[in-house]
Amino acid sequence: MGAPSAEPTVCTHSQALSRRYRAVRARTEAVCAPLSAEDCAAQSMTEASPVKWHLAHTTWFFETFILEAHQPGFQAYADAFRVLFNSYYNGIGEQHPRASRGLLTRPSLDEVQAYRAYVDRSLSNLLASPMGDNPAVHKLVELGINHAQQHQELILMDLKHLFATNSLEPVYSEATVGGGQPAPTMEWLAFEPGVRHIGHNGGGFAYDNEGPRHRVFLEPFELASRPVTCGEFKAFMADGGYARPELWLDAGWDAVRAGGWEAPQYWRQEPNGEWSVFTLGGRRPVDPAEPVCHISYFEADAYARWAGARLPTEEEWETAVNEGEHHPGTFLEAERLHPAPAQAPGSAQLLGDVWEWTASAYLPYPGFRPASGAVGEYNGKFMVDQMVLRGGSFATPADHIRATYRNFFPTDARWPFTGFRLARTA
Amino acid sequence: MGAPSAEPTVCTHSQALSRRYRAVRARTEAVCAPLSAEDCAAQSMTEASPVKWHLAHTTWFFETFILEAHQPGFQAYADAFRVLFNSYYNGIGEQHPRASRGLLTRPSLDEVQAYRAYVDRSLSNLLASPMGDNPAVHKLVELGINHAQQHQELILMDLKHLFATNSLEPVYSEATVGGGQPAPTMEWLAFEPGVRHIGHNGGGFAYDNEGPRHRVFLEPFELASRPVTCGEFKAFMADGGYARPELWLDAGWDAVRAGGWEAPQYWRQEPNGEWSVFTLGGRRPVDPAEPVCHISYFEADAYARWAGARLPTEEEWETAVNEGEHHPGTFLEAERLHPAPAQAPGSAQLLGDVWEWTASAYLPYPGFRPASGAVGEYNGKFMVDQMVLRGGSFATPADHIRATYRNFFPTDARWPFTGFRLARTA
Amino acid sequence: MGAPSAEPTVCTHSQALSRRYRAVRARTEAVCAPLSAEDCAAQSMTEASPVKWHLAHTTWFFETFILEAHQPGFQAYADAFRVLFNSYYNGIGEQHPRASRGLLTRPSLDEVQAYRAYVDRSLSNLLASPMGDNPAVHKLVELGINHAQQHQELILMDLKHLFATNSLEPVYSEATVGGGQPAPTMEWLAFEPGVRHIGHNGGGFAYDNEGPRHRVFLEPFELASRPVTCGEFKAFMADGGYARPELWLDAGWDAVRAGGWEAPQYWRQEPNGEWSVFTLGGRRPVDPAEPVCHISYFEADAYARWAGARLPTEEEWETAVNEGEHHPGTFLEAERLHPAPAQAPGSAQLLGDVWEWTASAYLPYPGFRPASGAVGEYNGKFMVDQMVLRGGSFATPADHIRATYRNFFPTDARWPFTGFRLARTA
Amino acid sequence: MGAPSAEPTVCTHSQALSRRYRAVRARTEAVCAPLSAEDCAAQSMTEASPVKWHLAHTTWFFETFILEAHQPGFQAYADAFRVLFNSYYNGIGEQHPRASRGLLTRPSLDEVQAYRAYVDRSLSNLLASPMGDNPAVHKLVELGINHAQQHQELILMDLKHLFATNSLEPVYSEATVGGGQPAPTMEWLAFEPGVRHIGHNGGGFAYDNEGPRHRVFLEPFELASRPVTCGEFKAFMADGGYARPELWLDAGWDAVRAGGWEAPQYWRQEPNGEWSVFTLGGRRPVDPAEPVCHISYFEADAYARWAGARLPTEEEWETAVNEGEHHPGTFLEAERLHPAPAQAPGSAQLLGDVWEWTASAYLPYPGFRPASGAVGEYNGKFMVDQMVLRGGSFATPADHIRATYRNFFPTDARWPFTGFRLARTA
């Protein structure tokens, strides 16, 4: 991925983007390298997509929003792909039924790779041409790159869900290794009341949902220095956490009973009473020092109630990132593929390791306007009945996450790489 | 309901409460007076309850939380009722399955009336006794009275839903009469940016979810002077409102298609192309001047997007009530049983006529703590995946509603008496 | 119901039918006498109907197929009833949704009684008129009378299902009393191989599905002298009957697990380990001598496999009725409202006490043709995916049942009054 | 498949079986040859299985019932496969959830091929050893071979269903070519009344469900000389066949409406009004001369009612095969992969081309006993709520079908290769 030696010292924005494009595309392929065509084709639930579909959809994104729109005479790779790999853009047209993505044994993985290569060539050509030297194109390429990065994490999430349904418990990568040392003690970090500015200030890339920057008033609050660990969560379980309705939201209690929840997703109690967890590196004992992961909003909320605390709002969380030093956590590049214990006392892991559920519903900021055109469906139309998560996980590329980044999932989702930290009103 | 002449000029808090208790109980019975035992027994969907169940449950509330807790030696009317009429209080114990409330042909309506009389006598006795002169009891009676008032509206909501399933289109009461005059022009009311205090300040009764009072920062905004009318909503429909996905949240568009929505709940297009609406007074033509009603959050949100506006947050809405004159609308006592057109230009109907969807998710205020004990399940455990509605409707008792009152329903609910007004970021 | 003394000794067919009509209608009303309007209005599952609906539907049957068709100038009681009380006759027109029959709080029970009276008068008038002296009319009245009798049993079945959902366990009638004496020993009755004639021979009333009479060849077989008792069924349960997949049809095993079946419908294991059963006379201990009742086809089949036997075919069963003496059992008129133990050794209870599952699918006999017109939908269109039951139950009127009568239910139905007897291939 | 010249003239039963085993296994692999690993891994509905699963399950059958039972010291290929590839044999143990067979990206297709090779070697060794010279082993190998042949057809059925969900409409094999000539005129073949012997007489292989041979009495009947063609079925469609409830069984009419059926499965009306059909050779125009295929029992029954006829019982059908000359149709070996038009007048296609729905429920013959042990679950436990089909299809190996063969499917199944012929009572 390094720049070849003959590269001139200064490069244009188009050239820089093109290089970044190639690097991100290569990273996606590296993420999929350990997988067979069969692994890439299956879909374990409606909410998850086959890896092959991710590979094609992120390609379709560049083809549809950039090449078809900005490259005169561009020939689509295959007409049928317009429908097959359109996720949810009604402004573009019809979509293959989401629940049936796993039935697409054709196009084959080989053909999807050919599709990727075709679009890679076409996009490189566009960026190398005068037509590519266009801020609108640059902005869309930037968006497409971030979109591809998001799907790198989704690929790992969805694959883990698939593999977990297989009693053979396939290993994606042996790389993951457990810790050993205990987690540092959790401390409460205090924040003053007052007006804060929240949201992206416009420098560098951000999704539309991160703005407009606006003011909020925060009453005094305290935030935990690090996420809740597996060891702490086991104490909640041992205290009957999953069996006491008074700790749960009403809908959460329904979810516990309907789903038969007794532990985080992917945990299993072994005959000796110990808990193991299925990871991308296979099944292994639960490490008490690691941030707990694969937790629904309901479980995070119930734990917080049990602990006499609450979850932070997204504004509190963002303020904590803005107003102090903090140790970053693990990102995709570490190839750890699992949350790691915090390394030292003090504010840690706000970024990386696990997405953190907040107490905030995913709603537009004051004055929010989605991007115009079909690409405006990226974020805005999902602003209801979901909760905001912040900070990225071990599967998020390090240069993809930032303080203002707003991720979102429904309250019962457990297959994302989700954990949480506590807050309290001072 | 008038005070008998021998009543002393000054009455104790217990006496006043007792009088208010009797008045509210009598109002509930007046609401049910036009109904047969059969009308009172049926349940048209899981979310709605039979009228008889409402009559018994609101009685159970007084029996369980006050008489059983505070009247030594109190004998419950019937042990089985503890389960049958417990709505959702896990802290009290088991509950009859919600979806099967309509199968309770026993106890009969007559027996439920006897149950009511028994509890009425018992509560009057308690309040007349020294044991009743207890702030904890007073607080719970106050809560029970408000609870009974809430159920007066629920009775009408649920009954309307039931009657609407019957092709005979039964008339609950002939009293409802349409308007005739056009609605006053909608105006935009402007509000300055700044910190506001939101939530109940502690004087008089409020539910726990209305507090604690706290500060928020509001960016400048404008609010419509009155709710959106049926006439305005018909323009949205005529412009393809229900057929254009770009106007809808993704989950809203799913709801439109799954439900086959083409108009507000209870509307029907007649062979001549005109729209009629089923009301508690029977079917009649849609009056364009009335606030549109039986609208889901999704429809309100889609209309706002179509209109280039948005829904107000609950804090904006509450600020508008606090910071200006406004004409109140229609309440239960008017016995109109249907929203009425605004009567004059200017800020109107913030209270009364239709509950107004806000853009705010139903979440706890900073520092919120539910009441302790099982009664704490009243509001707090529902604080997820619902949206806040404000202001009360034509079916809300006038003395039950206030500026800080937070009602809440899921985003697809259409059987409550729900409408909305527009807002925009200045 | 007896003929008044002034009645002439000879009466016409019309007069006799008219008298029988009144008697059967009166019996239906007697069956409903212990019930409140509320009891009559509720519907506990889609397959069961409210008592009020039965009262109206059996009236609609006479109105639609006889009065509207054969009484010139007949005025329907209410146009809306054509749809509300049409069960499934597509040849007549639209139907109120089956699952929503319990929401019809209007028409009230009083109005349904008025409807009944109106049709009673009209039908009596027709039969007293020259127009009523018509074999086509007589045939339809006879059909309508049998239809009404069938619904007498359905009313009790559906009501029992409804009452069983109510934790108050309402008592329909105190009349039911248990037995005490043990059941007579079961004997095997042997039958020779050979050709038999099966089906109705045309004398007296029969449904269309009982013919044409035709020949079958029966290999030698043996039939149990009486139905399987509760005591015998408890032995099956004690031997792990509900926990051993090898005893069950595949679909039956699915039903066991999906339904959590551990005993016949309405049975409950008490804290002391004994079994009780909910009856129309309330809950009481299971009497081991009684025929087991509320058994699905799957349970009957599994018991038979466990017992090293099988269920009889309907032709074997019918042959047994034709070729030997047998003691009849209990019918509706006994008002026992529950199966009774067999009274003596020898062939018993082929008719009465419990419907007996056969090993025969409900299919047309060779040469079967349904009655012409919409009334032909009575039986023929249900000839698929159901099993034949024979012999009637304690809730069947004695003059309604006969050797050729073919009842039918799906394999998982447990709310009818169903039991079984064993057979084996010699 | 012919014997090589060096083969000795006499071979043992074990040798003959071993040769036949290898030939059938090779045929299965030939059936799968055109497919990618991705094609082999997907599952398009719970009732259908991935090709890879079929390949493994038919192998598991030999491993479990023969090698594990009869080869001392046999080492299973992989313990986990015992569960993964057990279809429904409770007597063997647990099963991987049927609906999740398509999620088994591991074992890979390559590994399943290795599994097949391992079992092939082991079985050849067993048959070549003295232990293999055992009638019990021979019987089970014969059963396993027939089982494998059955799955050859299931592979094509399930694959066709999968490919049909893909808008790319993949082509399995180009070999299929349409006809051109019209179908011969349908004639009625008459049969005398009397006692017939039905069922397998014990010579050669038959499934347990084909016996015991027993007597039935058949009233006089007539049978169509050939199956109903697409052209004839289009006449039914043109006459409103799918829109007239009076032609349908009640459950069939429900299926029509629930499924939106307007034509046989895989048919589509093109913009020009003509009908096309998706085949294993891709989409092509409907050939009016071909037997109609992918028809549910309900559709066959409705067509027969429309035509003033009925479906034959299985005994009538079997009698027709026994009592006259008939031209066989197309089998798997023809590699046509689609039904072919009848070639000449007279009784035709009783065997081959399309499975024929009969009017008989799938129930045990008098005296039926399933094979003992877990292998007895093969057929017997499915004897309820299904209908019998007879005669095999274009996808059935020619030496797999016979006059007594009883296939069975639920009444709404459309993905098997199902058609029908008419009968009538004389």
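Chains here go by letter, A, B, C and D, matching the order in which they are written, and residues are numbered from 1 within each.
Here is the rule we go by: a residue touches a chain if its C-beta (ideal position, glycine included) is under 8 Å from a C-beta of that chain, and two chains touch if they have at least 3 such contacts.
This one's a predicted model, so the numbers in the text were calculated from it and none came from an experiment.
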Mutual neighbours - chains that touch subunit A and subunit D alike: none
Chain separated most widely from subunit B, comparing mean CA positions: D
Distance from the mean Cα position of subunit D to that of subunit B, given in whole angstrom: 60
Between subunit A and subunit B, centroid-to-centroid distance (C-alpha), Å: 39
Distance between the centres, which are taken as Cα means, of subunit C and subunit B, whole angstrom: 47
Residues of subunit C engaged with two or more neighbouring chains: none
Interfacial residue positions of subunit A with respect to subunit B in the complex: 88, 90-91, 193, 195, 214-217, 219, 221, 245-246, 248-253, 297-298, 301, 310, 359-361, 363-364, 366-367, 377, 381-385, 411, 425
Complex interface listing, subunit A residues touching subunit D: 36-39, 41-42, 44, 80, 83-84, 96, 100, 102-109, 162, 165-168, 170
